[in-house]
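Two complexes follow with chain A in common, the first pairing it with chain B and the second with chain C.
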Partner chain A sequence: MSFGSRRTVPMIITFLVGMVMFAEYFFKMPYVADVANMMRNFGIVIAAFALGLGAANLLIIHGRHIRKRTPKQWYFSAWLFIVMFTFIAVGVGFTVNAPAYVWLFENTLTPVSTTTYSLLAFFIASAAYRAFRFRTKEGALLLISGVILMLGNIPMVGISVPGISALATWLLTVPTMAGLRAVLIGAAVGTIVLGVRAFLGQERGYMVGE
Partner chain B sequence: MSGKEQSFVDRLQRIDPRVIYGLLIVVLVAPLLRPLGFPIEITPVVQKFHATIETLKPGDVVFYAFEFGAGDYPEAEGAGIAVKRHLFAKGVRIVFATTNDQAVLVLQKSLQSAGIPSDRKYGVDWVFLGYIPGAETAIAALAADMHTAAKKDHYGTPVEQLPLMKEVRSVKDIELLIVEGGGTETPTQFVRQWYAPYKARYLQICISVVGPTLQPFVGAGQIIAMVVGASGGAQYELLIRRPGIAVAGMDAQAFGHVLVILFIVIGNVAYLASKRMRK
Partner chain C sequence: MMYEMGQSRRDYGVLVSGRIFSLISLILISAAVLLMIRRAKQGKVPRIRRLAGLDAIDEAVGRATEMGRPVHYTIGWASGGLSGSMAAQILAGLSVLGYVGELAAKYGVKVITTVSQPDTLPLHEEILRLAYQKQGRPDALAPDSVRFISIDLYAYSAGVLGEIEREKPAANIMIGPFWMESLLFTEAGFRQGAIQIAGTARTSQIPFFVATCDYTLIGEEIFAAGAYLSKEPSQIGTIAAQDMGKIFALILLLSGLLLHAFGNPVTKLINI
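Right, the complex of A and B next:
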């Protein structure tokens, strides 16, 4: 395939698919909805294939580490292979609903994930103690609002100190929401611009080698 | 001020993290072993969530997207269990699905904890469409046509053979959408693909760090209400009069917050004192 068609064909596909989805979203037209639905289902199938591709990619990268005995890495790669193939063997051999697979999941992934997440409580406590200092005006604002939100989250404080819950809710629903709305609207405008550029063939980041 | 006092003030500014970790363990574990039962205030947003489910009639269909992975699930476990118990008690029919591969087994654990009433039959009163890859594409496809997005349920039964799914084809057949988990990205995708084009009634359960990020959608009315974290879960358990794991954890959470505030106060008092001494 020539360089021109390698660029042109994906651009035409992007334009056509984009136009169909655009038309289906904004104008309720017969037939277009069916085509859009078909394309969404293509997306699901492609995503399923991408999972397999991801697994293959892991095998290549970590297989290379094991072959080359990369220092401080190869044994982690080997461990990844052991865990990965154990899960695949049990999942494919007995199905993912089988007690063996559920046992593996609940006794490996669940405690590891939960422990990692729970460590946040300790890191946040330590970080809050170090970071929430009255050094600048901005830091003072962060400190005061952080303490009010924490107090508002303590049920007994919310009941015994009138107004603290309302103040915490106000912080969340007025200043925080205003800031987040600005971020969301900014991101939305950026996405529209990106979409228009992709339609016009000016955005080529999704094409390999561009 | 003497050098000894000065070093004490300096030490208060640099407390060893291990001291903080150790004290945090104590204040978290002690109330779990010996609960004190502090009163819990029910907030309007949790009341609104509860009231929205109360509007459902027996037989109405709820689409329940369960998106929690194993790591973040425990924080909102109480909330999810309480909401599922409420739904089953209301006699509504539920279509479960997920776009997170890890959530498949976590949902089954959650359903087991919630306890599916013996008179609620699989296929008739509830179904589980399983994991559907494709993130936002899958969410959009489910809204348009669930039968093509998921041809079989999680257990391999063709969707057409499930009595409940004979009546449910798209978002138009759904009375209410509930999303449990999914970080900030998946709820945003549901707003884009379920609320914006179809005006689906949407409730959200999430962990505490995600709550503020989704607040703009609640403010805009796109998400009707949210139950956030263990605190929201405890309130919901009280609303359905079935105190459980979230209520049990609230004393621990309260003491944890108090300890963090205490350390922040100590750090700041020491900082201001050392600043005055330097002057």
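Right, the complex of A and C next:
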């Protein structure tokens, strides 16, 4: 397939699918909803196939690490295979609702996920330590607002220092909210323009700009 | 729109009621895009401000080349992938990946992309393949450049932390929708001394990026990234259309504020 048609075909598909979705959302037209649903189902099927591609990617990359005994990596890859195939065997053998699978899930994945999430507490502290420095005007503002917000959320300080909780709430609901809404409006307009660009075949970044 | 009990929406024939104002807005913004593309094609290319975060990509890849260490790229985790509500941010992130891939191919530096959504995996692979092909170095693309980690957010986060720890990238570029993993990745990148460029339109994660990264793209800037990096006049024109859309939103805001202040039921007008 030539480079031109490799670009043109996805653009035509994007345009046609986009037109159907556009028509379904804004207009009451017979059959359009059915076509749109069919396209959504296509999307689900394609995503399911893609999951297979993801598994293949894992097998290829980590299989290579094990074969080559990549230093500081191969034993993690081997462990990945053990866990992956255990889950597949138990899931396929007993179904994903079976007590064995649920036990496996709740005693391996759940605690590991919670641990990963809890890392955030330490990372927030170290990030805040670096960001909240009185070096620039912006840094000073961040430091002052951060301190007010933190103190305002401590019940003891809220009682002892009159007005600090109200100031913390004001900081969150007025200046912060105003800034966030500006970002949201900008992002919404940006999303529309990106969509229109993709519609017109102008958004070609994901086709490497050709 | 708040309708009282028993009150039904008016019938607008073939148009879906409650979405007519959205349709009008979409038509106006689309018209602005078309107008700006046309003007750009006539040679009237609008001047747009520099985006430091995107300009710094060259510097980041150059630094990775000098240090002989890889570039890490991720578009983050997004539930639903290309079919979900974060699809636009995913596409914005993929647009920048093409540019990073071209630079990496040009300078001979390894690029590692970590993927969470399987439906974007073929896109990652194709984008990098095309980028290396465009630079005339298709063989230089490492077979393990695109690494699928996991569809689960926590497994993906832990996997990427491991990749950053082991591969020690000199540049960490993150553009797309991000959730709790944003801070985990940037802190991991910081520990490796990587230059970090991040961008997202998810307002809850922007503060983490601003606090921890060298350069941050905020909200709409990521949607302009593909057009900005392409340097094509017609695409640059669409960025100006984006600004026109913002002016339109601003006019709406002010009109709504005034109408509301004077007691006019502006919501009825907008929710037709």
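Points to keep in mind about this one:
Criterion: the second predicted complex is superposed on the first by the 170 of 210 C-alpha atoms of A that agree within 3 Å, B and C clash if a C-alpha of one lies under 4 Å from a C-alpha of the other, contacts with A are read in each partner's own complex, and residues count from 1 in each chain.
Just so we're on the same page, a contact is a pair of C-beta atoms (placed from the backbone, for glycine too) under 8 Å apart; a residue touches a chain by one contact, two chains touch by 3 or more.
Being a predicted model, the structure only gives us computed values, none of them experimental.
In the superposed model, A:193 lies in contact with chain C only, and not with chain B. When both complexes are overlaid on chain A, the residue A:159 reaches chain B alone and has no touch with chain C. Within the superposed three-chain model, A:31 lies out of touch with both chain B and chain C [touch as defined at top].
Looking at the shared chain after the overlay, A:47 reaches both chain B and chain C.
In the superposition on chain A, A:203 makes contact with chain C only, not with chain B.
Looking at the shared chain after the overlay, A:116 reaches both chain B and chain C. When the two complexes are overlaid on their common chain A, residue A:58 makes contact with chain C while staying clear of chain B. Across the superposed pair, chain B and chain C both touch chain A at residues 25, 40, 43-44, 46-47, 50-51, 109, 113, 116-117, 124, 126, 128, 130, 180, 184. The part of chain B that touches chain A in the complex is made up of residues 15, 17, 20-21, 24, 28, 38-41, 43, 69-75, 101-102, 104-106, 108-109, 132-135, 137-138, 140-141, 144-145, 148-149, 154-155, 197, 208, 211-213, 215-216, 219, 231, 234, 250, 253-254, 256-261, 263-264, 266-268, 271-272.
Contact residues on chain A toward chain B in their complex (touch as defined above): 25, 33, 36-37, 40-41, 43-44, 46-48, 50-51, 96-97, 102, 105-106, 109-110, 113-114, 116-118, 121-122, 124-126, 128-130, 132-135, 143, 146-147, 150-151, 153-159, 165, 169, 172-173, 176-177, 180-181, 184.
Taken in their complex, chain A has these residues touching chain C: 25-29, 40, 43-44, 46-47, 50-55, 57-58, 60-61, 64, 72-73, 76, 109, 112-113, 116-117, 119-120, 123-124, 126-128, 130-131, 142, 180, 183-198, 200, 202-210. Residues 13-16, 19, 22-23, 26, 29-30, 33-34, 37, 81-83, 88, 91-92, 94-99, 101-102, 115, 118-123, 127, 130-131, 134, 143-144, 146-148, 151-155, 157-158, 161-162, 166, 180, 183-184, 186-187, 190, 201, 203, 206, 208, 210-212, 218-227, 229-230, 232, 234-235, 238-239, 241-242, 245-246, 248-249, 253 of chain C are the ones touching chain A in the complex.
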